[in-house]
Every structure is written in structure tokens, then in C-alpha cells.
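The same chain A turns up in both complexes below, where it pairs with chain B and then with chain C.
And now, the complex of A and B:
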């Protein structure tokens, strides 16, 4: 049964269009503020996300939001109403991860420069999200911190520049980096992932989100370890990326073509770094080394 | 005793992409991806060369490829056709080659 929602908004991020409905006004107002720079026109959505009261009484007595939508997981736990914004973000992730078919989805962040993207993937908490946010404040174009969308036909990356979900100590680090307070969302404390605060990407990266870019470099970053760089071969990259993809199996042969094509087209490295600055410096250095090769090839 | 014979799948059933020393193989009928090391790609090539509708025993395949490969198992007492037969049986179990028991 399709439930009519009391409050709703439409959000377009990259190629994906969401309709988010809620039993309460607060999460929708927060979403509208956080996504103020994104197209909010009423469109036919790819996904509908519902934040609904876990029971009719609960809406008044002890507000909790349950995530529902086109796809649901049994362990999508109700969250307190103050975390409605987080619930909406998690629900949008869930819809993308389970339902998106137009691209191969990699759980990864990405930035680009001169039309070439650096794709950064790794386990949750490895630092890929914060590293992409840092780079995006230092001259790189921000393509996304959660999902990289790989076009199976062209091999290009479609930007999906959602607000960055900063966690715990990454919040203070980015507050030092960004001097525009209006780009931050509310501080969400005591969530299942600790303290969370969203950071809206620079407006220019949102305005350019329909422009695809070519992959240039694949990195597996790990924050909090002594500095190290290890070249990774194609087979290991391939295996790790099949694990980092949420829809590799669902895409079948198209997924295989997209992923093997991607892995063979870009060099890959695992990088360890102790501080954010060191991470940025490593990415810059690997980028320059690779850039020199692109230059050689272009000149040849 | 019946003897096992093997044949390559039709060309469209497998997509194979070389990745360094390994090969990523997409099995179209099942949608499963395999990542396999040598000598598997070479075995598939050898079966392909025989022809997709021609079933051959491990013994015959050894004769075909002996000139190009050193077929020695971990145990030097093992015969090459025995080693090859085991690999082929594994591939058949994965559905990557066809199996026929010959009388």
C-alpha cells in the first residue's frame, strides 16, 4: 500500500532523483536546507523514501523514524526523530545500493582534476570520505564521498556529489578547513555511527554534477597508519572492487565488462597515511607521477 | 570403466579478461565471475583449439599441449594426465568446461 506522506520533498543528485516523504516536518526542512543548492523540482523519482512513524501512537508519544522505501532491509532500525536527517541519508544510500541499475556502483569517494578522476575505496572508516572532502577544499572537483557511478557503456564516472557525511574527529578537521558555517548541517550526536555532521559540497561542484569524467587513478586509502605506498595489481584491485560494489552481481555481464575495463584502464595503489595533510600530499604526488605519463602518451 | 572426456563451452558462454598472471572469467549462463590462475586459462585455450564440439580425454589433451607446457604435479610420481584430469574435473564442476563419460 502506498502511504500518503504528510511532508515531502524532491532531491536530484547526479543522475538519481529521490522523493522523500515523512510523517514529520523537521527532517524534510533539514533536508531542504542541506540540499538547498541541488535541483529540488518535482520530478518523476527513481526512488521513493519514506520516514514513517513506527506506530501511529509513537508519532506523538516518543517519536521514532523507521526507514521505508522501494527497498528495505530488516535491520534498518528506527532512529530517534532528532536523527531524521541521518535516517533520510541512510535511506537514500539504501535505495541506491539496492536499486540502481544504470551504473556500476562502487562504495567509494572520488575527486577529479583536468577531467581525470581519482577513485578512493576501502572499508568503512578507512578515511576515503574525509580525504575526498579535504581534496575538494584544495582545488579538486568533488564527485562524491559515498558512491562512484561507473557508466558501463562509456567507462566514465557520473558524479554523485551528495553532502559529505563527516564522522567523529573528521568533523573538527573539516570545520578547520571550511570557513563557511552555512555549508554544515546540524550536529547529530549519539547516532549508531557516533557523532555525524554533514558538509555541503561547494556550489560549483553541485552545478557541474551532470558532467561526467574519465577515471584516472584508483586508490585504497587507510588513515591512521605510518605512511606507505604499495602498487596493487589488476587482479587484486578487481577482487576488492567486486566486494566494494553493491550491484556488481545484479548487473551481470555489463558489470563484468565495466569493472574489468575500469581496472585495466587505471593504475592502482594502496596508500597509508597518518594525517589528512599527508593523505592529500600522497594523492597529489601519485597524481603528478601519473599525469606525467598521460602527458607522455599525449605527446607521443 | 568409463573414461571422462571434456570439451570447451561455446564461445559466447565465457568472457575472459587477462589480469596480470590471472584471468577473470565471466560465466554467462550462471552470471558467476571466476578469478583463475595458470594453468586454467591455458587449459581452456587448449580445449578451444581442439574445437568446442570435440570431447577429448585428459590423456589426449596432454599429448596436445605437452610440447608447450611442463606438466608436473607437486608429486613427481604423479602422471601428467592425472594432474590434468584433476584440473579438468574441477573446471567441469564449476561449469567452465563440458564433461562426458565415454564408455
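And now, the complex of A and C:
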């Protein structure tokens, strides 16, 4: 009987603490490298993730990584060992999506400036992740590219600055933007989502990940369309965000209160843009229009 | 491997924490990590969280348990709401609708409901009312989960319940039982007596009588399943026995009579022995060691500090046993052959 997983590490991202165990060494080494700037000390975790062989034979022969842990989906497909890092990331996302209860979770990216956050949400592939990564290289604080954590009591956003998961064309775009090669993870080819490469946020944003921020603006970006801006009312934002939340139903009344409070406190726009530069420019313009209204109330 | 000392198996450490909450004071961070993972894998973390609610727990573990308590409250509300939805859908059904398992414990306000995770809604109705109940549920938004014709006819011919239904909007399952064991199993519980002796709840729904609740829990665990939820089942039995025997000093006799009626004396005796060994459940029947008790306990506690199921051979043995209990060998072979051809597992 095995008493412990062969290889293991602990990772803290924002308020969430993970314990990751693996039958193989490689995924743990890759995680340690990618998360080098994060707290890696051993703490009682919120979630346990296991990367395990689909069978004893599969540990050695064409190894396949099955995703397991506190929360699992019955039909999750195993990944080849070369994509072990992706398996770990997917498993950590899954724990958050299914298990996190301390915040209302929105499937969204977020950046902030002067204590006010821009929350960007939309369907997968709409470009919210890449747009947040671009903004984070151009003077914005990076809060996360996958989940926005909304505190039901204070209405604040808790940063969850995981490494950005860049997909396909976004990889080259960010390689041009970032001149520090050590911030990139390995290139993962032929994954179920195409080619993937992770980008570690700037160290300062990781160091500040315990500092919450006020929400300021809600955007629904769409990449690859002619430039357009449309105001969105509270009701439409609310309905769209219930669909973008993984734990809205599980939180019950707390989730409803958090979400209604959020859509009432921030203006919302759907934005279409054709290029990354155009997206950045649109966000900055909308933010400064809004910023004029906040006036001196903006926190430091 | 023994159940005590430094190499304590994690299923036993969960049992220890539940029955002797003060014992967790000795745990360090690693000990808490292992305990929480094992409890989660055994579906007992909700119970653990409630038991630890008023005790000093170190901060990181307390944070996890506080979240679990929030989930408990939401789960309880959802389960009771689901029962209410079923009751509204079945308003036109004249017979008794009896809640089973977790939802029944919750609706009856029993100690066994405290922190218990509740999955599907399980109800029991008279067999001759099945068609009407099925039609009423289908008319109120429930639909079939398994549209496979073999599974469907298998359920209808041999099982103690309809094929599972799921509600299209709320995404919650309901299992409609007409008795508490598959028709292919050895014991033949008296389904009519279960319903006739059920107790009315304030809502107008019913719950099984105290003795029948324990017969059902034991039947479900010993005479039907592969014991994958065994520890949680035994915890249910522990709570029920403690509560019912403190309310009625002759409860052991009442239970003996009902167990005989339902042909479940041996499974109930086994469940009481195992609960006594694991949780120190009061011995309301004389405890005589059973032949395979140690093997059952090996299976029930088979989880490690990473939440992994251990002791693969023991588990496989109980998996095969669960099928043998449900059907005679020739029928089992035919069943597994059909399933295998269709590419199903198990």
C-alpha cells in the first residue's frame, strides 16, 4: 500500500492553497518552475489534486495522466504525460470551479489601476485572457486570467493571478510583448485546446496577490470583430454573469446578493475589437471616462 | 496493517475524529491535511465539519471546514426543496410518498442529517402506483437519464426502483423505489409493511419507521452495494441507533422484530457489529464476532491521506460480491456479457 504520492508540491495562488501529488516527477518539476515566485510552503490545503497513472502499466508505457482530486468530473479524459503541466492546471481550475465557496467565482479575467478593477468576461476564445495579459504588460496590475473572485461580504475582488494560459496565436503575440524568456513555460503542442504556453505574471503582481481591490468596470470583450462599443444594462449583465459563474447556484442567496451588488456597482459595456492594440486602447479609454466620475474617491 | 500506532490507516483516523473529536488536538498540519482528504473521499467531511464546529481547530483547517459548513447548509436547503418539488408534482397521487435516506433524515430532523451529504432524492411508493408516479413526474419536468433499452428493461424487470430520472431544469435526480432491495436479491423485504408503518412528516410526506430506517440502511449497505459508501452508511446507522435507543429503551426488540419480517436479520446484525467496532455504537443486540467482519472493515476503511482508494484486491472482491448478491450466477453472466458487448463498464 502506497502511503504517499511519489512526488508532491504545494502552491498558493491568491486565497487558494493547493496540494498536488503526482505519480511522475516531471509535472511537479514543471509546476515548481512555473510557480517559482509563488508561496510553495506546506500548508493545510483547500484542495488536493492527484495526477495519477490510468493503470500500473501506463505509469511507464506511453504514460497517461488521469486527473483526480477532491472534485472530479466523471468524463474527464486523460492526457499524455508530456502535457502533465496542462493536466495539473486543468485539475486546479476544476477544484476552484466545483469546490470554491468563499467567493462568487466568475469565469473572467481582470486587471486594475489605482485600486479599481476592470473585469472582462465572455465565451472561451473571446480574447479576455490575452487582453488581460497585454494590459498587464502595459502598466496594469494583473489580477487573473481565468477566475475573478468576488467577496460576497465586502464586494471586493480577491486577485487570483495564475500564470496566463496562452493559446495558439496568442503565444506569438505575447512572446513579442514580453522580453523575459524565463517567464514562459514549456510549449505544449497538440493539446485538446491546440498549442498552449503559460506566461508567469510579473513578480510584483504575485507579491501583491493578497491585496483586494474594488471593482470598477465590467466588459464583455470580443476579439476579431470591427471596433464597436455597446452599453449593457444591469439586467443583461446579471443574466450573462450567472452563466459565467461556476458556483452561483451553489452559493444560493449569498451568490445572488453578491452578483446583484456587483452589477449595480459597475458600468458595463460589450466591446468588439480587431487587434490587441485596439482592445488595449478601448479599455483604457473606457476606464478613463469612468475614472473621471470616480474622481478623488479612487483608492491608492 | 494494524488499525493503531504510527501507521494508522486514514479511514480509522476519520472514525476516531468523529467519535472522539478531542483527539484531533494532537494533529499537525500534515495530520490535518490527511484527515480532511480521507474524510472527503469517504463523504464524511460534512459531518466532520459540523462536529468540529465549536472546537478549537487550527486556522487553515478551520477555514476549509467553515466552507464545508456553508456547503452543508446549501445542500440541506436544496434537498428539502427537491422533496417539496416532488411532493407538488405528485399531488395527484393518492398513495403515500415515503422519503428515504438523507432527505428523510433531514425532513424528520434526525441527528443523522447533521452534516450529511445528500445526493439524489430517493422515494418509496407502492408498486401498483409506479405507473402513475412515473407519469406525474414526467409531466412535471423530469426525464430519463439512461435512454438505453437494455438498461431500461433491466431496471423495470429486476430492480427495486425505476430507471433514474433527472429534472431538466434543476439537474437533480430522483430514484423512485417500490421496495428496498433488487428483486433478484436473496432477502424479500415486506414493501407493503414498510409503507404501512411509515410515519407522517409535518409536510404530509412520510419517512420510514425508526426500525425500518435501520433495516433499509443495513440492506442498502450489506446486501446490495459494494460498500463504496460503507463508512457513511455505518455513520448513519450509528446516529440512528443512538437516537432511537435513547428515545425507546426497547428499541433493540422492535428492530429485531422488523428485521425478521424483512428477512434482514443477518445484514442488520452485521451492520450493528461493524458500527460498534468502528464508532462504538451502543450494542442494542448482543455482539457476537462475525466471520468476515475484519474483511468488511478492511474494505470500509480503505482510503489514504490523499483521498485515494487503497486495497484494490479487497475492493474488487466486494465489487464481485455485490453483483453475486444481486443476481444468480447465470443471470450475472448474461448481464455482464450484454454490458460488455455494449462497451459499458461494470
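Heads up, the rule we're going with is that the second predicted complex is superposed on the first by the 292 of 300 C-alpha atoms of A that agree within 3 Å, B and C clash if a C-alpha of one lies under 4 Å from a C-alpha of the other, contacts with A are read in each partner's own complex, and residues count from 1 in each chain.
Here is the rule we use: a contact is a pair of C-beta atoms (placed from the backbone, for glycine too) under 8 Å apart; a residue touches a chain by one contact, two chains touch by 3 or more.
As the structure is a prediction and not an experimental result, all values here were calculated from the model.
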{"item": "Superposition on chain A - do chain B and chain C clash or fit", "value": "fit"}
{"item": "First (chain B), second (chain C), both or neither touched by A:252", "value": "both"}
{"item": "Which partner, chain B or chain C, touches more chain A residues", "value": "C"}
{"item": "Once both complexes are placed on the shared chain, angle at chain A toward chain B and chain C, C-alpha, multiple of 10 degrees", "value": "60"}
{"item": "First, second, both or neither for A:102, with chain B first and chain C second", "value": "second"}
{"item": "Partner chain(s) touched by A:151 [first = chain B, second = chain C, both, neither]", "value": "neither"}
{"item": "Which superposed partner A:284 touches (first chain B, second chain C, both, neither)", "value": "neither"}
{"item": "First, second, both or neither for A:29, with chain B first and chain C second", "value": "neither"}
{"item": "First (chain B), second (chain C), both or neither touched by A:177", "value": "neither"}
{"item": "Touched partner set for A:137, first chain B, second chain C, both or neither", "value": "neither"}
{"item": "Touching partner for A:45 - first (chain B), second (chain C), both, neither", "value": "second"}
{"item": "Minimal inter-chain CA distance - chain C and chain B, angstrom", "value": "5"}
{"item": "Overlap of the chain B and chain C footprints on chain A, listed as residue numbers", "value": "252"}
{"item": "Of chain C, residues touching chain A in the complex", "value": "1, 7, 29-30, 32-33, 36-37, 40, 58, 60-61, 63-64, 67, 70-71, 74, 77, 304-308, 310-311"}
{"item": "Parts of chain A lying in touch with chain B, wherever the complex brings them together", "value": "233-235, 238-239, 242, 248-249, 252-253, 256-257, 260, 263-264"}
{"item": "Complex contact set, residues of chain B against chain A", "value": "15, 17, 19-22, 24, 26, 28, 31, 33, 35"}
{"item": "In the complex with chain C, residue positions of chain A that touch it", "value": "1-5, 17, 19, 21, 42-46, 48, 50, 52, 68-70, 100-102, 250-252, 254"}
